[in-house]
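Per-chain residue numbering starts at 1, and chain names A, B, C, D, E and F are given in the order in which the chains are listed.
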Amino acid sequence: GGGMGQAQMDPNAQLAAAEQEMEMVTDMFARLGDLCYKKCLIQRYSDEELTKAESVCTDRCVAKYFQVNRDVSEKLAKLSQANQ
Amino acid sequence: GGGMGQAQMDPNAQLAAAEQEMEMVTDMFARLGDLCYKKCLIQRYSDEELTKAESVCTDRCVAKYFQVNRDVSEKLAKLSQANQ
Amino acid sequence: GGGMGQAQMDPNAQLAAAEQEMEMVTDMFARLGDLCYKKCLIQRYSDEELTKAESVCTDRCVAKYFQVNRDVSEKLAKLSQANQ
Amino acid sequence: MYNNYGASYQEQRLQQMMEQKQLKDFMRMYSNLVSRCFEDCVSDFTSNTLNDKELTCVNRCTLKNMKLNERIGQRFAEENAKLMEDQAKMGR
Amino acid sequence: MYNNYGASYQEQRLQQMMEQKQLKDFMRMYSNLVSRCFEDCVSDFTSNTLNDKELTCVNRCTLKNMKLNERIGQRFAEENAKLMEDQAKMGR
Amino acid sequence: MYNNYGASYQEQRLQQMMEQKQLKDFMRMYSNLVSRCFEDCVSDFTSNTLNDKELTCVNRCTLKNMKLNERIGQRFAEENAKLMEDQAKMGR
């Protein structure tokens, strides 16, 4: 096979890394679902529709989760640099 | 190798499907355990025996969980048909 | 390949067992993290430091978790012997 | 990201992996939905069949949570795309 | 469901898979039990050894939850068998 | 425990497995941290950016929980070592 792409990385390791990355994204997504459900689904099931307030809350919930994600990740990066 | 069973399906795919199905059943079972524990184990540990009330509650808890499972599954099937 | 170590055990089964054991340890560790967080992190984030009380609580939390682990494991061993 | 054209075995495996992942994700979503609707809607254990109130609740719970998941999915995809873009700019 | 007689490699793999699954399931049940009994029984952190009340509680918790699991297991198997039967009738 | 010297393939696989495990563990710890700090710190959904109070909280939450994890990790390693020793004595 080829020889291009991802420099010298072993193809099996590439697959494992891709798998790991997908796993991470799905895990984040599942956690986000639980969190925004807890934070935003106030009027549980008086109805089958998301209320306007619940919809807006959900959008902000996702946006804020990504910000927390970025903040935590930057903080950890700084900590690991400080430890070297 | 044979040629019977499961028509043309690739044996590895068959194994993966069987694995997936077992995974699904175990996952359901684990969740059910947590749910019925929360719903039915009222008098925590005054004793090492399940009370009569707790036993009856557990039986109904399992029965009702399967009903919810069936309802959700039928609803999703209808939704996916409506989307095609 | 060798012939020493672990008597007759198939090397693949050995790997699978090692994997299982590591999985178990990590799972315990993750659960312990959640439990001690719930039990000991009282004053959430008035500060970035663990208080003295939180630190002591954490140490005891880990010690007691291992004791529960041992007790449950002995109990299960007895139960399984009684069932034979 | 994985553009080893010609390395068709790898591509096939990746393809297979993604299909299995999709199935697994669907199953996770599904089990989650069942657990959530059971937890939120069922609390009467004086009978072993769902009563009318519970049936209505489960029905609404399923639909409402599917809409919630869909909305979260859309926002998640948008935010994730932004993130990827930012990381690409920074040369990650 | 997987009746490829003669395809012994597949059968062996399936067998192996089921054994690993059983071990994994046991370990999950076990870790769950430890966490549950810790959570329900331990709340005194003024000492680093379990006191008598906690020991009694952990003991009862283990036994009672094993009985609960067993009961759920029985009902689960019955309901699952019913479900399989229904699906077989419908030709799924 | 796995002293098949010469069986280098097995050793290599074990090595690989442990590296993947470490990565997975790190990712689990990381996702946990994000979820915990989100859950504990974010409760205002009148805006779609973190306010100052939330930013401070997330910052402290990250640091404090990293310290908590580290402390738990140390105690866990000690207790685990004791356990292994006891099991070795008993000839398990």
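Going forward, contacts are C-beta pairs under 8 Å (C-beta built on N, C-alpha and C of every residue); 3 or more make two chains touch, one makes a residue touch a chain.
The chain lineup, named per UniProt: D, E, F = Mitochondrial import inner membrane translocase subunit.
Just so it is clear, the structure is predicted and the values come from calculations on it, not from any experiment.
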Touch-network distance, chain C to chain F, counted in steps: 1
Result of counting contacting C-beta pairs for B-E and C-E, higher pair: B-E
Whole-Å gap separating chain B and chain C, where each centre is the average of the chain's CA atoms: 27
Between chain B and chain E, centroid-to-centroid distance (C-alpha), Å: 12
Centre distance in Å when chain B and chain D are each reduced to the mean of their C-alpha atoms: 18
Touching two or more other chains - residue numbers and ranges from chain F: 41, 59, 63
Chain B: positions in contact with at least two other chains: 40, 59, 61, 63
Traversal of the chain ring from chain B via chain E: B, E, C, F, A, D
Contact set on chain A toward chain F in their complex: 16, 20, 23-24, 27-28, 31, 35, 38-40, 56-57, 59-61, 63-65, 67-69, 71-73, 75-76, 79
Residues on chain F engaged by chain A in the complex (per definition of touch): 20, 23-24, 27, 30-31, 33-35, 37-39, 41-43, 45-50, 54-55, 58-59, 62-63, 66
Residues of chain B touching chain E in the complex: 1-2, 4-6, 11, 14-15, 18-19, 22, 25-26, 29-30, 32-34, 36-37, 40-41, 44-45, 47-50, 54-55, 58-59, 61-63, 66, 70
Contact set on chain E toward chain B in their complex: 1-7, 10, 13-14, 17-18, 21, 25, 28, 32, 36, 40-41, 56-57, 59-61, 63-65, 67-69, 71-73, 75-76, 79-80, 82-83
